[in-house]
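Chains here go by letter, A, B and C, matching the order in which they are written, and residues are numbered from 1 within each.
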Amino acid sequence: MELILVNVIDGLVTGLLLFMLSAGLTLIFSMMGVLNFAHASFYMLGAYFAYQISLALGFWVGLLIAPLIVGVMGAGVERYGLRRVHQYGHVPELIFTFGLALLIEELVQFVWGKNQMPYDIPEILNFTAFSIAGNSIPAYKIFMIFISVGIFMGLLYVLTKTRVGMIIQAALSYPRTVEALGHNVPLIFMGVFGVGTALAGVAGVIAGPVLGTFPGMAFVLGSIVFVTIVIGGLGSLWGALVASLLIGWITTFAKSYNIAMSDILNGIGIATPENLSDNMFRDLWTVTSPQIADILPYILMVLILIFRPAGLFGKRES
Amino acid sequence: MSDQLTTDPSKPAQRMRAGSMTLTLGPWIVAAIALLVMPYIFTSNSALTIMNQMWITVVFALAYNMLLGQGGMLSFGHAVYMGLGGFFCMHLMNYIEDFGLAFPLPLLPLFGGLFGMGFAMIIGSFSTSGAGTRFAMISLGVGELIAACSVIIVAFFGGEEGISGDRTYGLPFFGVEFLKQIEVYYLISFWLMLSAALMYLFSRTPVGRMANAVRDNPERAQFLGYSARWVRFYSFCASGFFCGIAGGLFAISYEILTEENLNAASSGVILLVTFLGGVGFFFGPIIGAIAFTLLQTVLSLQTDLWAIYVGGLFLATVMFFPGGLAGLMMMHVPAMRLGKASGLIVPYIKTLVPGAIGILGVCALIEMTFHFRHGAKGDNEMTLFWTTFDSHTILPWLIAGVVAAVGLGVARATAPAMKEAWDEANTAGGAS
Amino acid sequence: MSTAALELTGLKKSFGKAEIIRGIDLSIGKAERHAIIGPNGAGKSTLFNLITARFPPSAGTVKLHGEDLAGLEPYQINRKGLSRSFQITNIFPKMTVFENVRCALLWSQGYKYSFWNLVNRSRALTEGAEAILEQINLSERRNLPAGTLSYAEQRALEIGITIAGGADVIMLDEPTAGMSHSETDYITDLIMKVTEGKTLIMVEHDMGVVFGLADRISVLVYGEIIATGKPEDVRADPKVQEAYLGAALEAEH
């Protein structure tokens, strides 16, 4: 029972982190029809910038400033890069963000090298908050949960209760109309892109110490974020939340409970073959849930795309 | 409406056009001769290896362009079809070796193609209902899935070490045992010509033409009697077939397949290659594959940072000349037709050469920064452009900086003149 | 009475709460030229889209030569002999004019999804495309990319593509939209020529075209047909005059 609680917390942390990334991405997609392949790269930049700043000014200053820098960079990318490519169509846009992701990874290696950076949890949070059945829950994880939830609430408030939020929501579906009403839609686009990437940056800042700050971090998380928004439904913020939590919990539970495929197959009545090492299907028999934990999201995505192409909460068919 | 389908013999133009067609055979013959002759010009083993790699990439890129350029479908996980074809061929090779089958090696890629096509049929059955973002997402998901499975399913994919084999155990093909690189080269060249020809002809068939139509206007295609989904499906399967052939050629050439052949990085590379070459023309991917392979092999010997340059080049391509290298070349066709292309030579030299020098200056600065920051302690010397110098002194930086500034400055100053020359070259003399 | 070429029974369509088409009964005979007119927003394009299965009806049936079209995809309906043009020109802009027409011929000549024929080699395809080009008078523009044609030429090409497949029920959505007088006359003559012997259903705003071309007219107002009949009868119908024609009609004739 206690193990379940530990996994719930762990899954929550992962899920909320994923949500910070997917929220920005799905907003950007909803508004501009662009799937930003470089989104996870901004996540990585957030971590690296925060690390660099923390060397001189401490973790908390890094938490504050790094996302801002990332957001500004994101806005710049939209203004000078994406806007230019937009005229050529959707496919070149996708290819552009893809190329950008490649370039950012190379640039990070150029500046900081290929090794993992010693970006650590701040001393003040480096203790065990409490233990459940012998598993200690670090205070930092609780901190991560609070920050993520706080940001989500803030986002929800801005989008639903403020005037700017209303305009953004309108521009999400009908940019031309909003423009005709006199609002500066290109500025809104730039702003949404900037905020979206800043969110990714925040995720990087707080995840860096825990998941590691290294050049491959964008790649590791990148495709999962896409899977998340596809499962949740492209353009839907609630979908992103539900899908993120779902994936967070599924992968955490799969990793922690070592369920072997052989047990399942035996359970439904198929006996284990005699000479397993020579059997063609030996891998299927020996696979355990931790091994496939990381690919479960992909399987889920493919299933959703077949049976419910718009995603769980999807509305906009691009 | 009675005479719709008969030719009017009194109109000579009609007489000639009806049934005329023919592929212009010229370029193909030239290419075939070039392929035959090149090993005699570049004789070293490493040159042969590079050329083999190039030709395999060409087949893969052409197959990829069947989807991207011809069909308007962007796939992010296409390496799996090449990889799967390759793995299947590897297993086939080992099977031949183990059981001493009488199977000629040259036929192997065909089976790779069939296996790749089989998988494409399975995946395509659900992925081709849309062409845009949904298709791209499914391709990404499936690609990652298969790449991840490859580490788990050790029986087929060999886990970390991959699957390796030996191509020389098969039946000697007319006495050739494929021990030597040059023999492999000619085998690959043969398959290259065959595949390229078939892919070109495919684009001239009804389904190939409709693939273009569906790419441009799927709704209109529906009202011509064609299901956009089926057209895409057939294109997808055909692409899978030729990807599988490329995989088979890879298996023969390198005798080992690993997870790397399936992963997202490989899919990304082929996208880059195809787009760089130009998706709008049949020969675009060919140029892209050749250019990229050269960049990868030659440039990587000169600098550790070649990936940055390639990435930058790729972004520049997307932003400034999305037609790719082929597009750039074909842009000059109208001027050539008007006979005014020669007027461009001098303005090009005046603008592009300083521009190139300026870019080289910037590269020098980048290289020096990298060396300065990451070089081993005490190792201050670096070699760039055939000069050795100390990267910790100020002089090299100044020189590079000046070269960059001057080069780019001159290019910028002469650019308007080049634009004028371009407009001039593209306007027919007198009234248009 | 022989089977109507196109028969609509109780056709309705709602988008959410908005009922756009409120119940349409219409029967169009073979080789009849039928025009559908009505004020903007009456639902004419929606009606077209319903017939050609761009979206399904909320209620009612559409029958083509007596066959119910429910559940069929647009390409299947096209294969049964119904072809349409679009209000906003819908051609293949990057292909040449010749290739545009040739693509329109592929299915009707039985090529289906073949990858073992070369289109260039087929005499029937080439000659057929040439003939269509002659009819729509675009032979001169044969090798130009379709996107570079003038507006009227593109509309002519659109008509050419629509009729190329040999469909016997042709639906044209505002074929003369945005054209000058001379261009309109030219397109009207073209339509007369190419739809001889076929069933034509046309949405039009230009009264001159309608009266010159149509055997019968239907007037669509707020998703309902308020009058159907010969042009002169419809013109004289007080309901129609009140709802729509009024001063415009007086001015035309």
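We take it that contacts are C-beta pairs under 8 Å (C-beta built on N, C-alpha and C of every residue); 3 or more make two chains touch, one makes a residue touch a chain.
Computed from a predicted structure; not experimentally measured.
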Graph class of chain-chain contacts, one of line, ring, star, complete, other: line
Chain at maximum distance from chain C, centres defined as averaged CA atoms: A
Euclidean distance of C-alpha centroids - chain A vs chain C, Å: 49
Gap in Å, rounded to a whole number, between the CA centres of chain B and chain A: 32
CA centroid of chain B to CA centroid of chain C, Å: 43
Residues of chain C engaged with two or more neighbouring chains: none
Complex contact set, residues of chain A against chain B: 35, 81, 84-85, 88, 90-92, 94-96, 98-100, 102-103, 106-107, 110-111, 113, 219, 223, 226-227, 230, 234, 280-284, 287, 291-292, 294-295, 298-299, 301-302, 305-306, 309, 318
Complex interface listing, chain C residues touching chain B: 52, 73-75, 78-79, 83-84, 86, 90-95, 99, 102-104, 106-108, 111-121, 123-124, 126-128, 130-132, 161-162, 165, 196-197
For the chain B and chain A complex, residues of the former touching the latter: 68, 72, 74, 76, 126-127, 129-130, 132-134, 136-138, 140-142, 144-145, 148-149, 152-156, 264, 268, 271-272, 275, 305, 307-308, 311-312, 314-315, 318-319, 322, 366, 370, 373-374
Touching residues on chain B, where the partner in the complex is chain C: 1, 3-7, 14, 17-22, 201-202, 204-210, 212-213, 216-217, 219-228, 230-231, 234, 238
